Amino acid sequence: MKKTAKKFRPHKRQSKPAGLPPGTLIYVGERKVEAIRITYIDYDEQNFDEKQVINIEDCFAFKTTPTVTWINIDGLHNVEIIEKLGRQFELHPLVLEDILHTGQRPKLEDFEKHLFVVLTMLSYNDDIQTVETEQVSIILGSNFVISFQERLGDVFDQIRDRIRNAKGRIRKMGPDYLGYSLIDAVVDNYFAILEKLGERIESLEEELVMEPTEQTLQQINHLKKEMILLRKSVWPLREVISTLQRTESALIKESTGLYLRDVYDHTIQIIDTIESFRDIASGMVDVYLSSLSNKMNSVMKVLTIIATIFIPLTFIAGIYGMNFKYMPELEWRWGYGAALLVMVSVAVTMLIYFRKKKWL
Amino acid sequence: MKKTAKKFRPHKRQSKPAGLPPGTLIYVGERKVEAIRITYIDYDEQNFDEKQVINIEDCFAFKTTPTVTWINIDGLHNVEIIEKLGRQFELHPLVLEDILHTGQRPKLEDFEKHLFVVLTMLSYNDDIQTVETEQVSIILGSNFVISFQERLGDVFDQIRDRIRNAKGRIRKMGPDYLGYSLIDAVVDNYFAILEKLGERIESLEEELVMEPTEQTLQQINHLKKEMILLRKSVWPLREVISTLQRTESALIKESTGLYLRDVYDHTIQIIDTIESFRDIASGMVDVYLSSLSNKMNSVMKVLTIIATIFIPLTFIAGIYGMNFKYMPELEWRWGYGAALLVMVSVAVTMLIYFRKKKWL
Amino acid sequence: MKKTAKKFRPHKRQSKPAGLPPGTLIYVGERKVEAIRITYIDYDEQNFDEKQVINIEDCFAFKTTPTVTWINIDGLHNVEIIEKLGRQFELHPLVLEDILHTGQRPKLEDFEKHLFVVLTMLSYNDDIQTVETEQVSIILGSNFVISFQERLGDVFDQIRDRIRNAKGRIRKMGPDYLGYSLIDAVVDNYFAILEKLGERIESLEEELVMEPTEQTLQQINHLKKEMILLRKSVWPLREVISTLQRTESALIKESTGLYLRDVYDHTIQIIDTIESFRDIASGMVDVYLSSLSNKMNSVMKVLTIIATIFIPLTFIAGIYGMNFKYMPELEWRWGYGAALLVMVSVAVTMLIYFRKKKWL
Amino acid sequence: MKKTAKKFRPHKRQSKPAGLPPGTLIYVGERKVEAIRITYIDYDEQNFDEKQVINIEDCFAFKTTPTVTWINIDGLHNVEIIEKLGRQFELHPLVLEDILHTGQRPKLEDFEKHLFVVLTMLSYNDDIQTVETEQVSIILGSNFVISFQERLGDVFDQIRDRIRNAKGRIRKMGPDYLGYSLIDAVVDNYFAILEKLGERIESLEEELVMEPTEQTLQQINHLKKEMILLRKSVWPLREVISTLQRTESALIKESTGLYLRDVYDHTIQIIDTIESFRDIASGMVDVYLSSLSNKMNSVMKVLTIIATIFIPLTFIAGIYGMNFKYMPELEWRWGYGAALLVMVSVAVTMLIYFRKKKWL
Amino acid sequence: MKKTAKKFRPHKRQSKPAGLPPGTLIYVGERKVEAIRITYIDYDEQNFDEKQVINIEDCFAFKTTPTVTWINIDGLHNVEIIEKLGRQFELHPLVLEDILHTGQRPKLEDFEKHLFVVLTMLSYNDDIQTVETEQVSIILGSNFVISFQERLGDVFDQIRDRIRNAKGRIRKMGPDYLGYSLIDAVVDNYFAILEKLGERIESLEEELVMEPTEQTLQQINHLKKEMILLRKSVWPLREVISTLQRTESALIKESTGLYLRDVYDHTIQIIDTIESFRDIASGMVDVYLSSLSNKMNSVMKVLTIIATIFIPLTFIAGIYGMNFKYMPELEWRWGYGAALLVMVSVAVTMLIYFRKKKWL
C-alpha cells in the first residue's frame, strides 16, 4: 500500500526547537526525494473531473465553484506549496504548523469557515511485522475538502472509486459526507490492523503452548507496544468524532450525523477490542513466566533423579573400594553379587519413589 | 440449544473491506446451507396466530394491523429478504447494514418510527467448554417486533410459550413489553453462563489445590477470555437498557419502565459478578505460580537431602580407598567397623539437621 | 447468631429459568423444614405490643392503624404468605419477586406509597471462618415497616430491645426512623465483620513472617474473596443510602436525613477499609512468593556448601586411589598425612569463602 | 510530641455494639488514667487571656462574649464533660457521638449555628518507626472554636505562640481564621510525616542495592501500610477543605477562602506525593524479588562451577582406580603424570568455558 | 544550560515548620553565594530596551508605562527584593510565599489585577543522567510580566531573541502573548526531556536483550521515577492551561486563546507519551525478571548435563574399583576395554537424550 513508511516510535515527536515562534513552518518528517503529488477530484451529481497537477495554483479556482472538490496532497516537504495553499484558502498559521509538524494527536478544530481534522492513518508492514503510522490532515470547507498526507499510498482508493463510478450516495452528498468517508476509511483500516494483531496473538498463543523461547516474550512486548500506538490513535479519534457529531457547525449537515454515529460505534468497538487484547497479552506474560518455571522444574527433576539414584550407589561402591585389611565381605564368595544386588534394589526403590511422586 | 455456533474470537470482526460505501448490504458471517426460517406470532389479548412462512412478503400485512406481531428471522445469508423487509418496514440502510454485519457492539438507536436494538446472545457449548456468541437484532415498532438471529435456536422458547398459553401478562401488553421480554431472556441467559463459569472456577480451584498442571493455567486464561467476552457484551448492554429506561420515545410505555429497571439491576449484578470472577482468577494465577515454586522447592529438597547425606560419606570411603603405603587405620583390627560407625553417625547427624529444618 | 447459614458463593445467583414471566413467585433459596416465623411489634410513644402470630392475616389490621408497626417474617419458603401480604399491602409483583429471589443486589425502589429496600446482612461463621450472607428486604410504608429475612436470627435484637424499653428516641419517631435503625444495624454489623477479617489479616501476617505454608496463600485468597463479598454488598448499599438521603419521598422525614448521613459516612469508611485490606492482602501475596524464593535460596545454599566442600576433597581422595604403578607420593612416609592436610586446608578455604559470601 | 499514642490499625474502628441507639455517648478509645485537661484562649486584637480550668462550666461564659475563644479539651474519657459542653453550646447528639467515637473519617458537617470538622492528626513515633493517629474534632462557631483531642500533645503550639505574641494576622482575624490555622497545622504536619517516609524510602532503596534481606520486604510493606493510612486521612480531608472553600455558611468569611485554597493545594500535593511513593514502593518490590533471583543465580553458579570442574576429574581418577588386571596405562612410566595432565587440561578448559559465559 | 541544579527528590518539599503564620517569607531552597540577577526587557512594536539592573527599584517605573515589560529575576535567596517588588506591584502575601517556597505544584491563581502562574521547568543533566527541576513563577499583569527563577539559565533564550530581533508576532502582541510564550517554551522543553527518556528506554531495551545486569533494573526504576516527576509536573500544568483558556480574566485576550489551545494539545500529548512509557517500562521489568529465570535455566542445564553424564560413569568406575576377591570381570582380558565401552555408550545415550530435549 505504501512505498516507504515510518516505524512506530512512541517517544519520537519531531518537535520544533523549544522557543521557536509558533506558526513557524518547518516540516519535521523525513525529507523525501520523490516529488510532491497534488491531485484533485471535482464532482457533483452529474459531473466528474479528476486530475494530477504540477502547480498548486491550478487548484485555487475551486475555492469558489459550487461543486465538491477534494484536493489531496501527498508529501509535505515543500513548505512553499503548503503556504500558498494556506493563503488562498485562508488557513490559520497554527493549522499549517500542525499539518507540517506531523506526529500530532488526532484532533478537531473549528474555524467557522472550515473544520480542521488531524487523523493518524495506520498501516501494517508485513515485512517487519510492524504497524506504521502517517498523519492525515483534513480541511473541510463549505465546498471543498483538502487532505494532506506524508507519503504516497493511502486507504482512500475505494472512495475515489466510488466517486468515479458514482457508487453509493457519495456523488449526491456534500463535502461533509466526503469528509466522513475519509474518516470512515481510516477507522475501517484500524479493524484490518486489529485482525493482524489478532492473528499474531493467536500464533503467539500457540507458540507459548508448544515451545516458548526468549523471543516469545519480546514479541508479546512488541505487540503490546503496537496496541499502545493504536490506543493512542483511537482514543483521541473517538473524541474527534464525538465532537463532530455534536458540533453546531453549519459545515456538517444533519443527515451526516447518523453516519458519524456509526463511525463512533466503530471506534468504541476498536477500543473495546484493544482493551481485550491487553488483558490477553498480560495473561500471555503469566503463561510465559510460568513456562520458564516449568522448564526449570523439569531440568531439576532430571538432575535430581540421576543424582539421587547414583550417589548412594557410588557410595556403596566406595565402601568396598576401601583398603582396610579386615573387611570380611570382601572375602565372601558371593560378596560381589550381593553388593550388586543391594545396588539394584536401592535403584529400584528410588525409581518407585519417583514414580509415586509423579516425577517419571 | 443451538445446532451450529461460532467460537468466541475477540479479534474477529467480519468487517467490510475498508472504504466500501456505508449501507452496502453484505452478510459477513459464515454462509450456512440451511434455509432461512421466517416465523411470525401475531397476538392480542384474545387472538393468537403463529406460522412459519416461506416468503417474507407474507409478513408485510402486519405492518398496519392493530395486533402485536413478532416476526423472527433465523439466518441472515439471504440479503434479499432483509432488503425487502427493510423497504416494507422503512428501515434505514445503516440499520440493515448493522443487522448483516454481525459482531456489532450492543447498541440502541432511536429512529422515531422504530427503535433498533442490537444484543449479543451467548450460549455455552459444553462439548468444547466454550462460550459461543450470536448477534440478535431487534426492531421495535409501534405494533410489531422484528428479530434477526444468525442461526436456529435461541433463548426465547419460554416467551413463545407464554404467548401461546397466555401465561403472565404478555398477551395483555404491547410490543414494548415483548421487546423487554426478549432483552430479559438474553440477560437471564447470561446468569446461566455465569453459573457455568462459576462451576469451572470451582473445579479449577480444586485442581489448583490438588494437582496443578500446565493445562490449569491455560484453562484459567481461557476462562479469563470468556469473562472478557461477557464483559464486552454486558457493559454496552447496560447502557442500552439504561437509555431505554430514560428514553422519551413514545414506543416505550411508562409501565414497561419498571420492568426495564429490573433488567438493568440484573446487568449491574452480572457486571459485579464478572469483576469478582476476574479478581478470583488473578488470585488463582498467583496460586498456580506459587505452586510451581513449591514443587521446585520440594524437588530441590530431595536432591539436597540425598546429596548432603551421601557426598560426605562417599568422601570418607574415598579416603580409605587411597593407596598410600603408610595408612595406620587400614591395619587396625576394627578400622573397617570404626569407619562404618563414623559414616552412620554423619548420616544420622544430617538427618537430625534436616528434621530440625522441617525438610523431612 | 444464626442457626443455619449460606456460604458465600459469588457465582451463585438462584436465578429463575431464563424466560419465565417476570413476577412469577418462586422462592429460589434452600427450602427449610422449620416453620416460618411471623412476628409484629406495634408501638407509639405510649403503647407497645409485640406478638408472634401463626396466620399472616393477623397482621393485616395494622395497615391502617396510626401506630408504627414492624412486621418481621423469618423464612421465605411459603410463597402463599408472601402473596397474601403483597395483596393486602399493595406491593408490586416485581417487589414480591425480588423478595423471593434472594441474592439480589442491594437496591432502593420508590413506589410512592412505600419504599422497597433490599440489603445484604452478613454474619461471620466462626466454625468455618467464613462470611455468610442473607438477604433482608424491607418495605417502608407511611405507618408500617415490613422486613423479610431468609432465616431465623438477625442483628436487630438491640432495636427490639430499644423499642420494648423505650430506650433512645425510637418510640418517639416514625417508621422512617425504624427503617433507618434497621439499615444502621446491618451496616454496624459490617464493622464487626471487618474486625474479624482484620484479625485474620494480622494472624496471617504473623504466619507469613514465622512459617508460611501453602495453606497461607490459600487463606489469603479466601480472605480476598470475602472482601469481594463485602464490597459487593457495601458499594450498592452506599448508593441506596445516598439515594434515601436525597429522596423527595414524603416517607422520609427531614429529621431522619441527618441520621442517614451518619450511616452514609459509615459505609464510606467501610469501603475505605476494604480497599486498604485489599492493598494489604496483595502485599501479603508478595511476601509469600518471596518467602518461597528465600526458602529455595536457603535449600540451595546448604546443597552448594556441602557439595562445594566435599566434591574437591573426594577428587583428591580419588587421585590417591588410582592404581598407577609409579606414584611417588604413595610411597612417602608422610604422604597420607600430607593428603589429609591438603584436604583440611581446601575445606577451610571453602568455609572462609562462604563466610565471606555471608552464606554461613 | 505526644506522651502516649495509638498504633495504626487500619481495621480497628472502635465501633459501638451493632444496634445501639444512635446518639449514645460512650467513649470508645483507650481509657487513660491521666486527668482531662481543659484550656481556653480568649483574645481579640487588644486583649489576650489563657487559662487551664478544672470545670468545664468555667468556659460557658464565652459563648456570648464578642471576643474569639478557643476551648481545647485533651482527653475524651469523661463523657459527662462532653455532654455538658454539648448542652451549653447546643451541639447535636450525633456530633457528640462522633467526637467520642474516635477513628471517624475526616468530615465536615454544617449545622448553621456552627460547623463541625473532624480531622486525623498524625504523628511519627521514631521509637517504633510508626505513624500514630489521633482524632481532632473542631466546632467552629460565630465567636468560638472548640477542639477535642484524644491525648495531650498536638501540633498547635506554634498557633498558641502566634496568638500569645500577636505574631502574623491571627489576632486581627475571626474564629474562621483560627479554624483554618488548626487545619493548616494538621496538614503541614503531614509534610513532616511524608519527609520521614521519604527518608525511610531512601534508606530502604540503599539497603535494596547493598544487601536486601527478608526484613527489607517487610519494611516496604510496613511503609505501604502507612501510606494507606496517610491516604485514608488526606483524601477525605481534601473534600472537607474543598467543601469549606465553597461553603455558603456565614461562618467562613470571604478573606479566609484564599487561605483555604492554599491548604487545599497542599492536600493535593500530599496526595500526589503519596501516589508517587506508592509507585516507587511497588518498583522496590520488583527490585527485591529480582535480587532474590540474582542471589539464587549466584549460588547456583558457584555450585555449577565446582561440580562441573570436579565431577569429570573425579571420574578420571575413578577410572584409574579400577582393579582390572589388564590396564596398560597403569604400567606406564609416565601414566600418573599423564593422568594429572589430562585432569589439569579438563579443568582449564572448563574454566575458560565459564569465563566465556561470564560466570567468573 | 544551568550551572547548578537540584536533583529530583519526590519526597522533599522544603516546607515551612508546621504552624508558621501563612505569608511568612522564608526562601526554602538552597542558598546560593552567587548574586541575584535582575533583568528587564521593555518593548512595543517600535521600541526595545533590555538591561540588567542592580536595584530592583529600577524596574518600578514600568508598572505604569504603556509598553510591555518583562522583568526576570534569577535567584530567590534575597527575600528583601521579593518583598519590595511585592509591595510595588501589589502582590498578595500568599503569592510571595508561594514564589519563595519552591517545589509548589503548578497552579494558576486569578487576582483580578494580575494572574499568578507557577510552573515546573525541567532540565536534563546529561552528566548524572537525571532530570532536574526548577520552579518558575510568573506574574502576568496588564502591561508587565514578572518571572522568578531559582537559578541562572533557562529555556527562554529563544523568546528573548525573538523580542530583540522582532521575529514572529511577539513584538506586536501584549503581555498575555509573552506569558503564553513562556509557558510554551517550558512545555516544549518537556518534549526534549521525553526524547532523552525515550533514548534511554531504547538503549535499556537493547541492554535487556543483549546482557541484562542488576543495574538494568535499577535504571528502569530510575527512569520510572523521572516519569513520575514529569507526570507530577505536567498533569497540574494541563489544568492550569485549561483554566487559562476558559478564564474570563480581561488579562487574556481572545486571540491568545487559540495559542493556549495549542499548548494544551501539547500537554495532552506529553501525558499520552508518559503513559505509553510507563506501560513500556513495566513490560521491561517483565523481560528483566524473565531473563533472570532464563539465565538460571541455562546455569542449571549445564550443571544437569555434566552431572547426569558423569555421575553414572563414576559409579561404573566405582564398581570396578571395589576390592572383592571374586570379581570375574576384573580378570577378563578385555574387561577394561569393555568397561570403557559401556561408559562411552552411557555418555552417548545421555547426550542424545539431551539433544532430544533441546538442551544442547
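Descriptive notes on the structure:
Think of it as A, B, C, D and E in the order they're written, each chain with its own count starting at 1.
Keep this in mind: a residue touches a chain if its C-beta (ideal position, glycine included) is under 8 Å from a C-beta of that chain, and two chains touch if they have at least 3 such contacts.
Not measured: the values here are computed from a predicted model.
Chain B and chain C carry the same sequence, and matching their CA atoms takes a turn of 70 degrees, rounded to a multiple of 5.
Interface note: chain C and chain D, two copies of one sequence, contact each other through mostly non-matching residue numbers (shared numbers fall below half of all numbers used). Distance between chain A and chain C, defined via averaged C-alpha coordinates, is recorded as 43 Å.
Chain D and chain E, compared by their mean Cα positions, are separated by 27 Å. Shown for chain B are the residues that touch two or more other chains, namely 289, 293, 296, 300, 303, 307, 311, 314, 318, 321-323, 327. Taken together, the touching pairs link the chains into one ring where each has two partners.
Circular chain order, beginning with chain A and continuing to chain E, reads A, E, D, C, B (contacts as defined at the top).
Across the interface of their complex, chain C is touched by residues 155-159, 161-162, 167-170, 181, 184-185, 188-189, 191-192, 194-195, 197-199, 201-202, 209, 258-259, 261-262, 265, 268-269, 272-273, 276-277, 279-280, 283-284, 286-287, 289-291, 293-294, 296-297, 300-301, 303-304, 307-308, 311-312, 314-315, 318-319, 321-327, 359 of chain B. By the touch criterion given at the top, residues 9-13, 15-24, 92, 94, 104-105, 107, 109, 214, 217-218, 221, 224-225, 228, 232, 236, 285, 288-289, 292-293, 295-296, 299-300, 302-303, 306-307, 310-311, 313-314, 317-318, 320-323, 327, 329-336, 339-340 of chain A touch chain E in their complex.
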